[in-house]
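You will see chain A twice below: alongside chain B first, and alongside chain C after that.
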Partner chain A sequence: MAAGQTYTPIATSTLGSNTATVSFSSFSGYTDLILVSVARHTGSGMVGAYINFNSDTGANYSQTRLYTNGSGSTSDRNASASTIEYNYIGGSNFTPTYVNIMNYSNSISYKPILIKWNSLGNGSASYFLEEICQWKNSSPITTITLTTSSNSYTTGSTFTLYGIKAA
Partner chain B sequence: MATSRISTSSILQGFPKSRSLLAGNTAYSPVSLLGYNSIQTITVGSGGTATVDFTSIPSIYKHLQIRAMFGTSSAGSSTGLKFNNNSTGTKYAYHYIAGTGSGSGFTGESINRNFLNITDFTGGSLTASPTVAIIDVLDYASATKNKTLQNLSGYDASGSGGLGIFSGHWRDTTAINQITIYSISSATFLENSSFALYGIEG
Partner chain C sequence: MANTYTLIESKTSTSSSVIFTSIPATYTDLKLVTSCRGSSNTSGTSWYTLSLNGVNTNLNAFILQADGGSVTAANVTDLLGQNNPNSTTADVFSSNNHYIYNYTSSEYKVILNEYVNENNSTSAYITGFSGTVWSGTPAAITSVTLTTQTGNFAANSTFYLYGIKNS
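Let's look at the complex of A and B:
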């Protein structure tokens, strides 16, 4: 009943220069996708890092979040967004993110995304966050686009896309 | 063409002898033990089901992971999990931190139960508000440790939803060979819900 090893690196992008947009395509044949990023931006302070699917920038995303910056915890929601904020990255520290894109190629359901990230700022600017998101579209995901709210991803930021195939 | 007679004694003479067919070689396994392996996927058929059962789980891995995406016949229904079909006694305990999209997050625990709670955040429709869960079962094949679990689960429905981080344990040292996921609210998992079990090398 076992089908063998099935956690496959699909593509890795290690930025050799400052880059505003990172994209992935050509990832068919898997059940789930996992995007692992360790990224920093070119400015100072913290900026939002965004993910979009299939070049859709309409108000077709929603997200529910749970986070803490070391004092209590907070939950918030954006029910009608034009993108998913998948991290809040710093200009000094590289910040890690795990993005689980579940059943990305099915054509019957909206696409749920589970995200874990840390935001490594200084003091109250540091967050640990989990979020459940949704792309309100039943189309298979064929492209993934990563941007920031301002500035660019800096040289040395890494983005790796893995595919998991179920038996 | 000339032929020669070779006797068994002449072949063995001067060579190492072994009573095993492997003759000292490493056994070949058709299942890769490198990394992360798909064990079984259960996709719910027509009419739905109240219970999903992984049975005869091989003990060759270090950890297990279940990646599930499902709809439920009733939104807000709770989903439970038990090991080795053990639902007697009070061997389970779990705690969690969770959020529902506003205000503060909240925490809770439940001890001396007969199941582990996987999530209370189920969205109902598989189409518009699928529930997802990533469940890690650690050191499941150990015969000397109580078993531990952690999971991240929830759903978002564009204006409603919630998510939680759950951890729990089963106070039993028996190796796990069966995992049952079921509704503890008399709901059913909808058609096309999928539950995939993976084994992780250790």
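Let's look at the complex of A and C:
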């Protein structure tokens, strides 16, 4: 059995004020990363929540999604996205997301990302979704940036980055 | 460094329910991992249901699942995980993974679920995932109850509750 801790909280950001952009850096030394967010935005209705790596906003991301609103299943794909939509967050309820970024520090392969989330409307679930994404770049991921399509993340939103170590 | 991924309690059961009580409020998230099988000869698939703090109301889940031929979606209430009935191949247990976000908050609670229900056959297996929302009294979760739809849990069914801490 490995002696060291293998599931380590690297950083947690609990917003003390409304914030448009949340960033993580300085997370070397792990095999995989897990980002857990529970977030809400400052407006009303639902807005997209986005994730980018290494400040890359070019058309270098792909995402394939499978989701449901409870009455049917839908799949879509964007092969040349400029960002990854990692959730569709509400203005009323805090919405959770689980993001698994695998083998993020290698300099050989594109980076795969698995994402699972519920979006919450006003008092009930709106969508449940899983998606497989890719950052089409072989560089190690050194920064993670979270934004929204409009408004800001509201006070009390939390974002935790965990590091998973294979050994 | 403090351990941040901690086994809170493990249980086995041969009755119709499993109850985790007195869950400490010292973690950020909870993770429940189950390997279980039912004692009844129900045809098709079978579930176990969820109660939080002793109640099973105000639960709503969107399900996406596949059987190798088609993807189906559903909107259910308290169905949480798969529980392979006794009529399926002997010794095959259902595997379930439940991630409970922010369980001490005063907000709606969200649970991310993944499950697989195998059978040594060309049919009657299933894999799926779902998101459960508890929109009831926004209290901290202090107990989790899993109950079979019919019959009891079979011998050697196991239930592990972990706490995950973000600092």
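One rule holds for everything that comes next: the second predicted complex is superposed on the first by the 159 of 167 C-alpha atoms of A that agree within 3 Å, B and C clash if a C-alpha of one lies under 4 Å from a C-alpha of the other, contacts with A are read in each partner's own complex, and residues count from 1 in each chain.
In this section, a contact is a pair of C-beta atoms (placed from the backbone, for glycine too) under 8 Å apart; a residue touches a chain by one contact, two chains touch by 3 or more.
All values reported here derive from a predicted model rather than from experimental measurement.
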| task | Record, for the superposition on chain A, whether partners chain B and chain C clash or fit. | result | clash
| task | Tell me which partner A:T158 touches in the superposition: chain B (first), chain C (second), both or neither. | result | second
| field | chain B versus chain C as contact partner of A:N93, first or second or both or neither | value | second
| Between chain B (first) and chain C (second), which does A:T31 come into contact with in this model arrangement: first, second, both, or neither? | first
| message | Is A:E130 touching anything from chain B or chain C once the two structures are fitted on A? First, second, both or neither. | response | both
| Partner chain in contact with A:S73 - chain B first, chain C second, else both or neither | both
| query | Regarding the shared-chain residue A:Y7, is it in contact with chain B (first), chain C (second), both, or neither? | reply | both
| Which partner reaches more residues of chain A, chain B or chain C? | B
| message | Just checking: does A:L114 make contact with chain B only, chain C only, both, or neither of them? Give me first, second, both or neither. | response | first
| task | Determine, for the stretches 1-9, 55-63 or 163-171 of chain B, which one clashes with chain C when the structures are superposed. | result | 163-171
| remark: Contacts of chain A common to chain B and chain C in the A-superposed view 5-7, 66, 68, 72-73, 116, 130
| field | Touching residues on chain A, where the partner in the complex is chain B | value | 1-7, 31-32, 62-66, 68, 72-77, 79-80, 100, 102-103, 108-110, 112, 114, 116, 130-134, 136, 138, 164-167
| said: Could you list, by residue number, the parts of chain C that touch chain A in their complex? | reply: 1, 3-5, 28-29, 60-64, 71-75, 99, 101-102, 105, 107-108, 110, 112, 129-131, 133, 135, 164-167
| remark: Listed in rising order, the residues of chain B that touch chain A in the complex are 30-32, 34-41, 56, 58, 67, 69, 71, 97-105, 126-132, 134, 152, 154-159, 161-165, 192, 194, 196, 198-199
| Considering the complex alone, what residue numbers of chain A touch chain C? | 5-9, 12, 36, 38, 66-73, 93-96, 98, 116-118, 120, 123-125, 127-128, 130, 158, 160, 162
